[in-house]
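The two complexes that follow have subunit A in common; it is paired with subunit B in the first and with subunit C in the second.
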Partner chain A sequence: MHTTTMNFQIEPVTHDTVVIRIGKALDFRNAADFKAAAQEQVCSGVRSFILDFNDTGILDSTGLGSIFSLYRQVSPMSGQVVFASVSRPVQVVVQLTRTYKVFRQFPSVDAAREALR
Partner chain B sequence: MSRHSILIVEDEHTLRRILEYRLGKQYDVRTAANGEEGIERVNEQLPDLIISDIMMPKMDGFAMQAALQERADTKAIPFIFLTAKADEASQLRGRRTGVDDYITKPFDIDQLLSRVDRLLQRTAQFQNQLDARIGKDFSEKLMPKRMPEASGYSSWFHNSPREHGGGDIFDWTEPRPGTFFITIGDVMGKGLQAKFYAFSFLGYIRSTLHTMLRTTNSPAELMKRVNQVLMDDPPLEDTFASLLLLKWEPEKNLVTYANAGHCRPVVISHRGAEIVPYSDIILGLDANAEFKDTSLSLQPGSALVSYTDGLLEQQMKSGGQLGEEGITEAVREAFGSRQPVDRLIQHVLDDSEIREFGDDILLLWLQREAEREHASDRPAPRWFSPFGEGQGSGHGAA
Partner chain C sequence: MEVTRQHFIELHRVIDELHGLFEEWERADALLSHPDPDTIQLFRLAVHEWVANLVQHADFSNREPNITLDVIPNGRRVRCVIENNSEGFPFPEQLDVQRSALTPFPERGMGLLMLNAATEYFEYSQTDDGRRRLEFTVSSEANSCLDIPFS
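Showing the complex of A and B:
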C-alpha cells in the first residue's frame, strides 16, 4: 500500500542537517509516514536531525520507535538526532524511557541549529 | 494516513483522465491504456483495486482478468469491469470468478465511487479480522498458564490483549527453589508486527535467562546481555523494548530489579504509595548501556505493583493520560481490596474517557501478607542499591 510522506514539514539547515516539525502527534497512525520522510532525507545525504516538538501533544511508543530507528540508522554514520522545544507530554515519555541519555535536548529550534551548524 | 491505490485500465483517453481525476481525490491512482500495460502496472506494484474496460486493443479486459486470476499474488485483488457492452452475454462473461462488480457505460461517477469505497472497506474489514485472530493467538501464546506462588504471598495478575494493541510480555521462571525471575516488558509498536516481535523477543529472553542464570544472579547483568542481543542481531534490528526484570526471593522478602525504560512500578503499604524511582535506558538503543540492580525489601502487608504502558497511556476524562500520578492514586484506592487488580481496573475505567482500554494492559500485583501482630510498627518500604548510598547490605545474595 502506498504511503504519502507529505505530512511532515522539513526544513534544511546545512547540507546534512534538517529540522523536522513533528506537529501535533507522532503515533501509530503516522509513524510510518515519519519513517518514510526521514528515510528520504537519509538517502539524500542528511545525517543530523533536529526534531521540533513544539506543538506535540502525543508521542506514543510506536512514534518513539520510529525515532529510535532513525537514530540507530544515522548514529553509525556519525549522525545525530536531537530534540528541540520538547513539550510536556514528550518530556514524560523521554523521562520514562531514559532516552535523554541518547537524544540531546535544546530549548528551541534556533538553539539546536546553532549547536549543530 | 496511507491511501488505497487503484489501477485504471481504459483505452479511451478522455474517460481515463476523468476517472484518474475523480478517483485521485481519494486514492493513489495509476493508469494503463490496455491489458498489456495493465499487467505491467500490476507487476510494478500491486494495486488495492482494479477498474478495467473490456474492449481494448492488444489485450482486452477479459484476457487481462484471466491472466491475473492465474497468479496467486493477484487473484484476490478486487476487480471491477467498466464497459459499454451492456448486452446480457457480456455481462454473463463479465460475472466470473474474481470479478466483484460490473458497471455499464454510461455510468454515474458517484455510483462508481461508492462501489469502490464499499469494496475497499470490505477488503480492509476482512484483513482486520484476520489480523485480529492471528494477534489474539500470539497474545495467548505469550502468556504463561500459571503464576509463581510462595507462602506468605498473594499475587494477582491481569492481562487483556487488544487485537490491535502492542506487544506486552510477561514470563517467569524459578531457576532455584525459592528464587523467581519475573519478566515484564513491552515491545514498541502496534498490531501484528509488535506481537510478532514480542513473540520472538521473548524466545531470546528465555534462552538468555536459561544460559546466564547458571553463572549470574543479577537482573542487571541479564539486562545488559539482552540489550546486546537486541543491538547485535539483525532480525531484531528494528526492535525496541522496555523491560523490567524482577528477582523475587520470597523467603528473604526481597525483590531485586533492573528496569530498562519500563513503566516504573508502585510500592504500596498502609503508609502510602510511591513510585519505585530508579530505571535505566530502554533496550535496543545504546550498545554500551549500563544497567543497575536495585533492591527493595517488602514489609509485611506491602505490595509491588507492576504494569505496562497501555495503562499509563490510558486517556482519561480529564483530557490527559492516566500517568504515574493516576496509577499511584488508583493503586492507593485498590489497596486492601480482596481483588485489588479488578478494583484498580474498575477505578481507572470509571475515570476514563471511554470505558475500555485503548491498548493492551498488563498488571501484576505481588503482595506480602500482613503479620497482624506487628503490622503497625514496621517501617515503610526502604530503598537501597548495591551501588548506591551505602545501604547495599540488602542486595540479594547469590
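Showing the complex of A and C:
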C-alpha cells in the first residue's frame, strides 16, 4: 500500500523497510516535511530507508542535512539509508560531498529492495 | 548560449522561477554548447545555494528584494554574477565559521560550504551603487569537494 505523507510517497517493502519517493526536490523548502515523514516511519518501527531519487532535480545542503539527520537516528539501531535511481543532479551532490562513502547506491528501487529484503 | 540577464523580485517564488529557467535552458540545450553536463549541474547547485541563502537569511530592510542573475558561458566553464540589494554579510568570515563548526553528519550550516565546493572561484563584493555582488565560475574539471566529517 502506498501512502503519501506531506508530499512524499512512502511505500512499505517489509515491516521495517520503506521506499520514500523524493520527487522533484528535497531542499530547504521541504526538508522539515521530509524529516517529519521519516520520523513518523521510525516511530512505527521502520529502520531501513530506500530513497528514490529518480525524478529529483534538486538536492541542496538542507535536504542533504535532513538525510544525515535520518541516518544519525537509524544507524545506532542497525538501520540504514540507501539511495536508488540517483538522478544526475543528485549524483553531482553525492560526488561533491563524498556521501557515496556512507550511503550505498543502487541503480533502481527494485535492486535496492532486493538487497535490503 | 549568449550572455543572459534575469531579474527576480519575489523571494517566495525565486527558487521555482530559477529552476523553471534552468529546465527551459536545458530543454533547449542552451547551456550545453561547451560546458559538460556535470558543470551545468554544479552551476545550478551553486546558484541554488546562494539564492536559498538569500531567501532564508538576507536582510532586505524595507526594500523590495531585487536579485539579478547574469550567466556568461566561457568555454568549458560557466561564469555567473548574482547581485542583490540586501544588507549583505561578511561572507568569507561566515564561511570560516561554517567550516570550523562542521560536525559529523551535519544537519545545517553546509550551504555556503556547498557553494564554495561547487565553485572554482568566487568573489563577494559591494558595487558602487551599494548592491551585493557574488561572482563565481564553475567547472567540473575543478574536481573539488566538501569535506564533511563522517565520524
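What we mean here is this: the second predicted complex is superposed on the first by the 112 of 117 C-alpha atoms of A that agree within 3 Å, B and C clash if a C-alpha of one lies under 4 Å from a C-alpha of the other, contacts with A are read in each partner's own complex, and residues count from 1 in each chain.
Just so it is clear, a contact is a pair of C-beta atoms (placed from the backbone, for glycine too) under 8 Å apart; a residue touches a chain by one contact, two chains touch by 3 or more.
These figures come from a predicted structure and were not determined experimentally.
When the two complexes are overlaid on their common chain A, residue A:Arg29 makes contact with subunit B and with subunit C alike.
Within the superposed three-chain model, A:Gly65 lies in touch with subunit B and with subunit C [touch as defined at top]. In the superposition on chain A, A:Arg98 makes contact with both subunit B and subunit C.
When both complexes are overlaid on chain A, the residue A:Arg117 reaches neither subunit B nor subunit C. In the three-chain superposition model, subunit A touches both subunit B and subunit C at residues 28-29, 60-62, 64-65, 68-69, 71-72, 89, 92, 96-99, 101-102. Of all the residues in subunit B, the ones that touch subunit A in their complex are 1-5, 28, 45, 48, 166, 186, 188-191, 194, 237-238, 240, 242, 261, 263-264, 279-282, 284-286, 289, 309, 312-313, 321, 323. Within the complex formed with subunit A, the subunit C residues making contact are 15, 19, 23, 37-38, 41-42, 44-45, 48-49, 52, 55-56, 105-108, 110-111, 113-114, 117-118, 144-148, 150. Of all the residues in subunit A, the ones that touch subunit B in their complex are 1-4, 28-30, 32-33, 60-62, 64-65, 68-69, 71-72, 89, 92, 96-99, 101-102. Listing the residues of subunit A that touch subunit C in their complex gives 25, 27-29, 57-58, 60-62, 64-66, 68-69, 71-72, 88-89, 92-93, 95-99, 101-102.
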